[in-house]
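Pasting the structures in now, so scroll down.
Next come two complexes built around subunit A: one with subunit B, the other with subunit C.
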Partner chain A sequence: MSERINIQKTYKLYIGGKFPRTESGRYIKWADKKNSTVVNICRGSRKDFRNAMVSARGAVSGWSSRTAYNRAQILYRVGEMLEGRRDQFMAELTLQGLSKKQAEKEINQSIDRLIYYAGWADKFQQIFSRVNPVSLPYFNFTSTEATGVVAAIAPDDSSLLGLVSIIAPVIAGGNSIVIMASESFPLCSISFGEVLYTSDVPGGVINILTGYRSELIDHFSSHMDVNAIIYCGDNEDDKKLVEMNAALNVKHVIQFPVQDWAKDQHQSPYHILKCQETKTTWHPIGV
Partner chain B sequence: MKKVKTWEYSPAPESTDHIQLKDKYDLFINGEFVPSSDGKYFDTINPSNEKKIAEVAQAGKADVEKAVASARKAYDKTWSKMPAKERGKYIFRIARLLQERAREFSVIETLDGGKPIRESRDVDVPLAAAHFFYHAGWADKLEYAFPGRTAKPLGVVGQIIPWNFPLLMAAWKLAPALATGNTVVLKPAETTPLTAMKLAEIIQEADLPPGVVNIINGAGETGRHLVNHGDINKIAFTGSTDVGKYIMESVAGSGKKYTLELGGKAANIIFEDAAIDQAVEGIINAIFFNQGHVCCAGSRLYVQEGVAEEVIAKLQKRMDTLIVGDPLDKNTDIGAINSKMQLDKIKEYVKLGKNEGGTLYQTSCSLPKKGYWFAPTIFTDVSQSNRIVQEEIFGPVLAIQTFRTVDEVIAKANNSPYGLSGGVWTDKGSKIYKVSQDIRAGVIWANTFNKFDPASPFGGYKESGVGSEGGIEGLSGYVNLV
Partner chain C sequence: MALEIQQYTHLIDQVNAQERVARLFSRSIKKESKMQALHLALSMIDLTTLEGKDSEGKVKQLCYKASHLHDKYPGLPNVAAICVYPNMVPIAKKSLDGTGINVASVATAFPSGMADIKAKLEEVKSVVDAGADEVDMVISRGKFLSGNYGYVSDEISQVKEACGKAHLKVILETGELVTLDNVRLASDIAMEAGADFIKTSTGKISPAATPPVVLTMLEAVRDFQTKTGKKIGMKPAGGIGTAKQAIQYLVMIKETLGSEWLSPDLFRFGASSLANDILMQIMKQTTGQYQSKDYFSID
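Now for the complex of A and B:
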């Protein structure tokens, strides 16, 4: 009997709840350190990003108008699905260079982070909303509302935990997101799309692209239908470019330096607040 | 429609006897009034008669340097070291002094900016004092505003404010910045510098440590020096979206923070089941308050078809009773347009509206010969793509459209790059919640319009800005949470 041939996975993009290849037909060769595994990663294009934006915009009103309880359960479900796929992520994280121990820690923390934000999804509004004591005979209250569509450049050095730490607070708050996965370690970011696909997250709420940062940052930050742009990294030129492009349509700019995402201080309801608007409503009191 | 005969109002001018104005105002830097380094002064005029009121020092680059250096020194040496409760007491003191001199400030505000005395007396000045009073109390209570985090001041803040609510905007900016422990360089608008300079006198009287607040005057050039200064930690700006974008580009890569309160084109929505007479009064207030020089003005009116004819007829009738004229007269509803530049812009838009095919209705009130005036104006027969529907005019000009369904009007209301405010008029509570949730804007007035309070956050979505002012949300723009 001959030895069994492995079935290798094709890494694709995750857009609108589907796994298309890049429309550009371009690819990036990715190999592990030992060069034992070589895969072709999609080199996402401007057009891919624009397609993802259409999906994200289409999904946001439905997602933001779901009950907070429902969003919380779906985030919890993502955690459940990730828990069930530990082996797949172990394999990919170790292929990307982590030790078994490090990979296990990263998976555990990623699951815990999803559960953390699942718990916030139906509470952060209570923390950040209020009734204001105005000096006029009016009932006046302030509440949070999703900003809309968020474009994000995920941390490059933390392919799963970093990705989850950016996505979770954004969607807990009712936004949709188009996120560019780690360029250096793209494997498990794409596999995370498979987790999402089986987690009741509506198509289009989370979209994941791979490719070159240097190519995509400009498109992510200049698109006129993006409401907020998240940039993770320390490249001063990139940061400046993102801020300049944000001015085109007054996007919110949120930046995170290269940091150890494992630390508890990097999870917070204030992260949810970064992609929230403040709405204040007035109504007269009288008979 | 038959014109209703009404009694004439006798003139009821507010006295200007008790106000103290100097012929010349210097810069307020490091607790002292100092001339500008290059000796340049510009005139500030009364827009209701084009007469010069005073001349004001124009800050150049050297003066901006001086003001920022003085703010930095005050931050390092005194303000950031002072116990928070003491900081608060200074701000309370400013609030009190402003209340005591409220009438004087109202009169000067009206002289310098052209707004009716009734508004400066009942809205601008009392609200300015209220902003100082409200924020003063926050100074030593910030740990309750941001649970789980510690709020640290940013440092030196540069603040640039517009001419439509000169004193109120100064208070709106200064009070939260000071309460959270920052020091400030404030630049008022070049057409309305006087009440800010009077406020500088109060700040001096209140014995605020020198350099905590510095006030410098000038136009765009002065603002540019301030925005681009290397030792500023944050820019807070209220004004046009174009300038807001310029500021975002200028500070890109510098690490400076910013809060931007920019333009607006608010949808004011009247449903068939609204209390029509109240709604008509609300439309008037929404668009003609402060001559329409209001970023959150209800400048797009959407009336449900069934009541459109009635609402427009009643609106025209009510417009005819508006008193346009001497801003110092207590009966005046609509004062002078703030500047010639703004008047030209409004005229340009009205011409454009006519060219675009809109039907114009203007009241036939007589306008004073001298000064800058514009009669209350509405346009019907306009469509969503017209420029007078899309762009901010910042004057007493209203664009009216009709609608049939809730979904339709929400789509129309949100079809704008702006998202500052919105209005909804209906007697049905559930509809208010539905519509106010679906309008993408930061402030929603339901069965009312243009109400403000220091405890109530104010800020825009989309191209109307970044961040809020007022309330706890306003504080967050002036702190780092660690």
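Now for the complex of A and C:
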């Protein structure tokens, strides 16, 4: 019998709960340091982004109207699924240059981060909502609501943990997200899509693109249907472009510098609050 | 006038129809041609509201929208017509006064068509009296499927007579006709019996306007013109919600019937959400930014 050839995975995009190839048909050759493994990564186009936005917009009302408890359950489930695929992520992270020990730490922290935000998913509203004292015959209260569709440029230096740290608080708050994965270390992002696919996250709530951020950042920040934009990085030109484009329809702009996402201070219920609107209601009393 | 309809004079090759549609739809229309197509498609829309919950306010708002599609962007055409239920015709007529936009009304016990002919004719006369410029009737699908083609044909002729000057669109409700052969036969019957337009669907049944069905009907229109010299209009309705689909249909008409049919006089889209999608596309082409429904009027 002839020697068996291993079947390699085709890295595609994750849009609307499906794994399409980029509509542009373009690929970026990604190779590990030793050049022993070469992977073709989809070079996502503005049309891929547009399609992802349509999916995200379609999914947001269903996702935000689920009970907070159900969103918590689903986030927990994502954590469970990631745990079960540990070996695959180990292989990808080490291929991308981490030592086994570092890779293990990154996976552990990514799972823990998902569980952390699963815990907060049905609790942050209580913390951030309030009754306001007013000197009129009104019962005045403020509550939080999902902002809508969030577009995000993920941290470039962290393949998995950075991605998870951006996605988890956004969807815990009932938003949907289109995220541009790390350009330098893209492998884990699409595998994370496979985790999402098997963990009851409705299609369209999380959409993951790969490609060149310089090509798509303009479209991410100028699309009129995006309600909030997250930018992770230190490129001053990019930051300025995001701010300028966001002004078109007054998107929320959330920027994170290059930072060590492993630190505990980078997980916080305040990250959930960043993609929330506050609604204040004046309810007449005594009439 | 009972026409002797010979059953299935044209058998449709379903595989071929699907392949032809796929080939036509793969055509890419860009830049200026796309803008032109989008403007044309807007002018072909029958802006429609056919809900049990339709109110006076809803119809008035729709009528306003018909002539003010997106005031931020000057130079847009008006839609071709407003399509409403019979009791809304007077309101629509009044609201559209002076705009040149037609009022179309569904009639003949829309959407089922399950009423006797007398009631149907009365309904048609009353909407025409109320000022409807166009009448959208449904055929009796039950009679058609049981092979009573004479009945279907007679009914259309009588409705046509009752329409007087109003244009008659005949809805085949192709989702209930099952096969493309039936679609072709029903198209032939409708055109022979006096339809000014043939229309795919009520929008209440799924599937509504599917591309092979539209192609089959367009070919029937083409053959009818070759045979009689008369130009019959076509109106796909139901399930056409995106600018991309609209452009694909424009390609299909152009390739099947020629440029003459690229006009609101001979081609219409029955749609409610299509207008906004086209407007969003036009604004995208103009500004370079993808648009959001938040910045367009509710349809």
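Heads up, the rule we're going with is that the second predicted complex is superposed on the first by the 284 of 287 C-alpha atoms of A that agree within 3 Å, B and C clash if a C-alpha of one lies under 4 Å from a C-alpha of the other, contacts with A are read in each partner's own complex, and residues count from 1 in each chain.
Here, contacts are C-beta pairs under 8 Å (C-beta built on N, C-alpha and C of every residue); 3 or more make two chains touch, one makes a residue touch a chain.
Only a predicted model underlies this, so the values are computations on that prediction, with no experimental measurement involved.
Hey, is it subunit B or subunit C that touches more of subunit A?
Partner touching more subunit A residues in the overlay: B.
Please indicate which partner A:Thr198 is in contact with in the superposed arrangement: first for subunit B, second for subunit C, both, or neither.
Touch status of A:Thr198: no partner.
On the A-aligned overlay, A:Arg50 touches which partner chain: subunit B = first, subunit C = second, or both, or neither?
second
So, A:Ile127: does it touch subunit B (first), subunit C (second), both, or neither?
first
Where does A:Thr278 make contact in the superposed view: on subunit B (first), on subunit C (second), on both, or on neither?
Once the two structures are laid over each other on A, A:Thr278 reaches subunit B alone.
Pick one for A:Thr67: touches subunit B only (first), subunit C only (second), both, or neither.
A:Thr67 contacts neither subunit B nor subunit C.
Could you say whether A:Asp225 touches subunit B, subunit C, both of them, or neither, answering first, second, both or neither?
second
Does the superposition put A:Leu248 against subunit B (first), subunit C (second), both, or neither?
both
Counting only touches as set out at the top, which of subunit B and subunit C does A:Ser268 meet: first, second, both, neither?
first
Show me the subunit A residues, by the header's touch rule, that subunit B contacts in one structure and subunit C contacts in the other.
Overlap of subunit B and subunit C footprints on subunit A: residues 248-249.
Can you tell me which positions in subunit A touch subunit B when the two form their complex?
127, 130, 132-136, 138, 140, 142, 145, 147-148, 227, 236, 239-240, 243-244, 246-250, 252, 268-270, 277-284
Can you list the residues on subunit C that touch subunit A in the complex?
Answer in residue numbers: 288-295.
Within their complex, state which residues of subunit B touch subunit A.
130, 147-149, 241, 244-246, 248-249, 251-253, 260, 262, 417, 432, 436-437, 440-448, 451, 453, 455-459, 461-466, 468, 471-473, 481
Contact residues on subunit A for subunit C in the complex?
Residue list for subunit A touching subunit C: 50, 53, 219, 222-225, 248-249.
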